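Shared between the two complexes below is subunit A, which has subunit B as its partner in the first and subunit C in the second.
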Partner chain A sequence: MNMAYISLNNVNKKFLTRRSEIYALKNINMSFNKGEFISLVGPSGCGKSTVIRLLDDILKPTSGEITVDGFTYNNNVSIPKDVIKKMGFIFQVPNLYPWLTIRENLMLPLKIYKMKGTEYEQYASSLLDYVGLADYADSYPSEISGGMQQRIGVIRGMIHKPEIFMMDEPFGALDEDTRENLNLELLEIWKRTHMTIIFITHNIEEAVLMSERIYVMSSHPGMVKSELVIDFGGRERNLDLISDRKFAGYCTDIENMIGTLRLDEIK
Partner chain B sequence: MKHNRKIMSFLAPVTLITIIIIIWQAGCTLLHVSEHILPSPSAIAAAFKNDFVRSILPDALISLRIMLSGYLIAIPLGFMIAALASQSKFITRMILPVLIILMMIPMATLVPELKLFLGVKPSLKILVIILQTAPVIAVNSLSGFTHVPHNKTDLMKGLGCGKTETFFRVVLPNALPQIFTGLKLGCILCMIAATAADMSVGQGGLGYRIARSATFSATSTAFAAIVVAAVIGVAFYMLVSLVESIVIKWKQ
Partner chain C sequence: MRKNGNSLVNFVNTVYPPVLLIMFLLIFWQTVCSVNNIQVWMLAKPTDIFSKFAANTKDILPHIGITYSNILIGLVLAVVIGLLIAVITCSFPVAGAALTPITVSLCCIPMVTLVPTLMLIFGVGRSVKLITIVIQAFPIVTMNAATGFLNADPAHLELMQSLKANKFQQFKYCLMMDALPDIFTGIKLSSIMAMMGGITAEMTGGNQGLGSRISFYIGFSKTPEALSCIIYIAFLGALLYSLISLIEKKTVRQ
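Then we have the complex of A and B:
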């Protein structure tokens, strides 16, 4: 059997609130192949963020198992640093530490994973150049704008050259133009590095444009509703695709799916 | 521009203090207020000149030594209590109310009680200061240790860091502003507790000098000692603020 690079097997996640128990995720089975670009879409509350938080060991599953590159973890087993090192995580918000300078924030994963040397220093500098913030390396986060902070948050997620890149609506707070540019840059990075990218978004066009496969999720409880393979017959992924007839088709399919999900909720 | 602002922030309070002193002096002179009831600034200055080296300075040194000893013991003690109490929500809930009650009690009022157990010693005053300042340092540090935004610790978890590494990389630096709030409140309470303890314990100190001068109607000497106490308090506070601005560089 061909083992998937990353898989979630019968994963459940319950949250305890003051009043009740909430099923955030119910019987989740997903798999991600190496080098794949996958998006998770769905209405808010469908637990798409919870999925990647479980993958990155920020949260523990209530039951079920997760396997990443042959290492299996669950409620009792945590991921050791040498496995978690393969993953990079980008939050919805910049999440920089105000007591560290921009460069120190960027280098934090390297410090934690004890990755030293001029090679990494140069990589950090080149990333800072790439996002146009080299001049701010010694500033504190409070001294730069929110958009600049988010760019640092993104490159911090890739500073240790992870093989798996998880993004939780990373560009949601940015304006449309910046968002589009960053999406295209992300596609470039993906083509160049062959990272496995798990992308969370509520923007369907964005998901269709970039992903090879999309999981559509439903809420209350969070479940996988459908799995779609996005295939443009080998055409290169760029903005030209938007005019492709298939593109509109995929978008409408997903919109309808999410639309009926919402209707189900109302009923 | 920046230089001007610095001069302004110095000049503004100095102007107000000067005006108060002028009105005070003029009022005392014009209304012929008795020096024993309310001494004029010039009378206080004269008393200062006469008594500073002879009585105020030795008492100030006694106060300073006691305050510093108490404060320097209270800091690690407060941290230890906070670190211990932050280990679990249950312990936090158990200890916090006790700390707040301790913080509210004017400890100098317990001197007669403490005397029964310890007798009259300089260490009695140090104990009063510790009892007064350690809780406020502990309460503020504890609140800093327990209020860490989720996102900040999530990043640590996502990078595979354990509890200890997370404490030193995130919890502690995140708590520093609140820790310093505690340290600054502590140094204010420290001065108040020291003066109050002097008054009820005796054996020298600025509080003792103030009480004794007042008893003998040497009101101007009492005021001179009060001014010295205020200056020491302000200097102490400014020193802690200076350390704060060096440690917390990211907050201008």
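Then we have the complex of A and C:
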């Protein structure tokens, strides 16, 4: 078996609060292959956001190891700059800085990574074109709509040409239509670039439509409940899939899984 | 976004209410003084004060220059020192714990009680005035800036962490900008403090600056002259405050 591109090995994460210790993640083992689209779903509080924060080294695991592209880091070892540059992180909210224009917001990661040059300027312009916001490059975030802001949030995560895309319920705060459009745009981006995408959502249909593989997680403590391969026999991923019998089947399976998780909790 | 055509209307709308109110108060003041036949040395009428303005300006002008340059230099020093201490306070918890009580205490000390001691040490020259202004003005900058740094949006910071920005980059691109509105509040308040500190020091000792003139005129019961100096102070203070507000409007975008 060849080594996975990204893997979490026996990762545990505890949060210390004033009164007690909370077990956020327990014995997490996951692996992600290069170019794969993977979703993490689960009830709220299952630690799915914590997983990608550990991957991105925003949080440190209490124990266990994470390996990305051959480099291993853990509680003591931080991720080096050239590995972090391979990752793009998309937040649940657009998280644009209100004091920067749209273009300045978009270029911010490049400033941090000290990447300069006309090729990046052109790439920024082409990304703005791609999401149809070239006219708003010099506007401020407060002057554009929430959906537009999140588009900028997404392309900001791509500006340094990462290979891994981590998305924390990126379209959760948007209305149904905008969300659907942005999901389709994301699929397009994935097809074009073949990045590795780790997508966090609580929307099961969304996860089944987009992902090749889904990790279902349970909460208190966060654990991997099961792993599902989503296979539509090579059919192209688009909205037509929703009418597929398999699609409904996958959704029901996951819903039942999460449903029994909830029942377990009540007991 | 307001259209250009409205900006003139807006300007006029913000100017005429204070002008009207001040006119009304001056007329009231004048009438009360005239009707009750109050002595000039007790409370001068506005007309007495304004007639002194013209006569005194030549004498007072150099003093205005001294006072104002002291206050501007002192304020700049206070802002720099205040921001530095705020950064130290927020970066190193132990240093913060050590410094905060002192900063807060300094805010509470009326400078008029400290200036005589300072003058024993530093004399009555320019340095003691600058020292007074800085001591009076910097704690307010520190307190407000520290509040701003500590209240920075956690999501904004998380973006910096997700990019593995170093401490300096986090400060430059995120913390500083997030704290800017609070920093400006601190600077505006400290400009008032600087004005108070500067005049207090001048009134206590030395023969230069508007404060020393006020002491001098009051000593000779020249009330209209003293009041004309006080009006200068009020005007210059308001000018400084609005200048800082203007800079704030141009730089802060939240």
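As a working rule, the second predicted complex is superposed on the first by the 266 of 267 C-alpha atoms of A that agree within 3 Å, B and C clash if a C-alpha of one lies under 4 Å from a C-alpha of the other, contacts with A are read in each partner's own complex, and residues count from 1 in each chain.
Here is the rule we use: contacts are C-beta pairs under 8 Å (C-beta built on N, C-alpha and C of every residue); 3 or more make two chains touch, one makes a residue touch a chain.
The structure displayed is predicted, hence computed values, not measured ones.
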| item | value |
| --- | --- |
| Three-chain arrangement built on subunit A, subunit B and subunit C clash or fit | clash |
| Partner chain in contact with A:Phe232 - subunit B first, subunit C second, else both or neither | neither |
| Partner chain in contact with A:Tyr140 - subunit B first, subunit C second, else both or neither | both |
| Partner, of subunit C and subunit B, that touches more residues belonging to subunit A | B |
| Which of subunit B and subunit C A:Pro98 touches, first, second, both or neither | both |
| Overlap of the subunit B and subunit C footprints on subunit A, listed as residue numbers | 56-58, 79, 81, 84, 89, 91, 93, 95, 97-99, 108-109, 112-113, 140 |
| Subunit A - residues contacting subunit C, complex | 56-58, 79, 81, 84, 89, 91, 93, 95, 97-99, 108-109, 111-113, 140 |
| In the complex with subunit B, residue positions of subunit A that touch it | 53, 56-58, 78-81, 84-85, 87, 89, 91, 93, 95, 97-100, 108-109, 112-113, 140-142 |
| For the subunit B and subunit A complex, residues of the former touching the latter | 151-152, 154-155, 157-161, 165, 169-170, 173-174, 176, 248-251 |
| Subunit A contact footprint on subunit C (complex, rising order) | 155-156, 158-165, 169, 173-174, 177, 180, 252-254 |
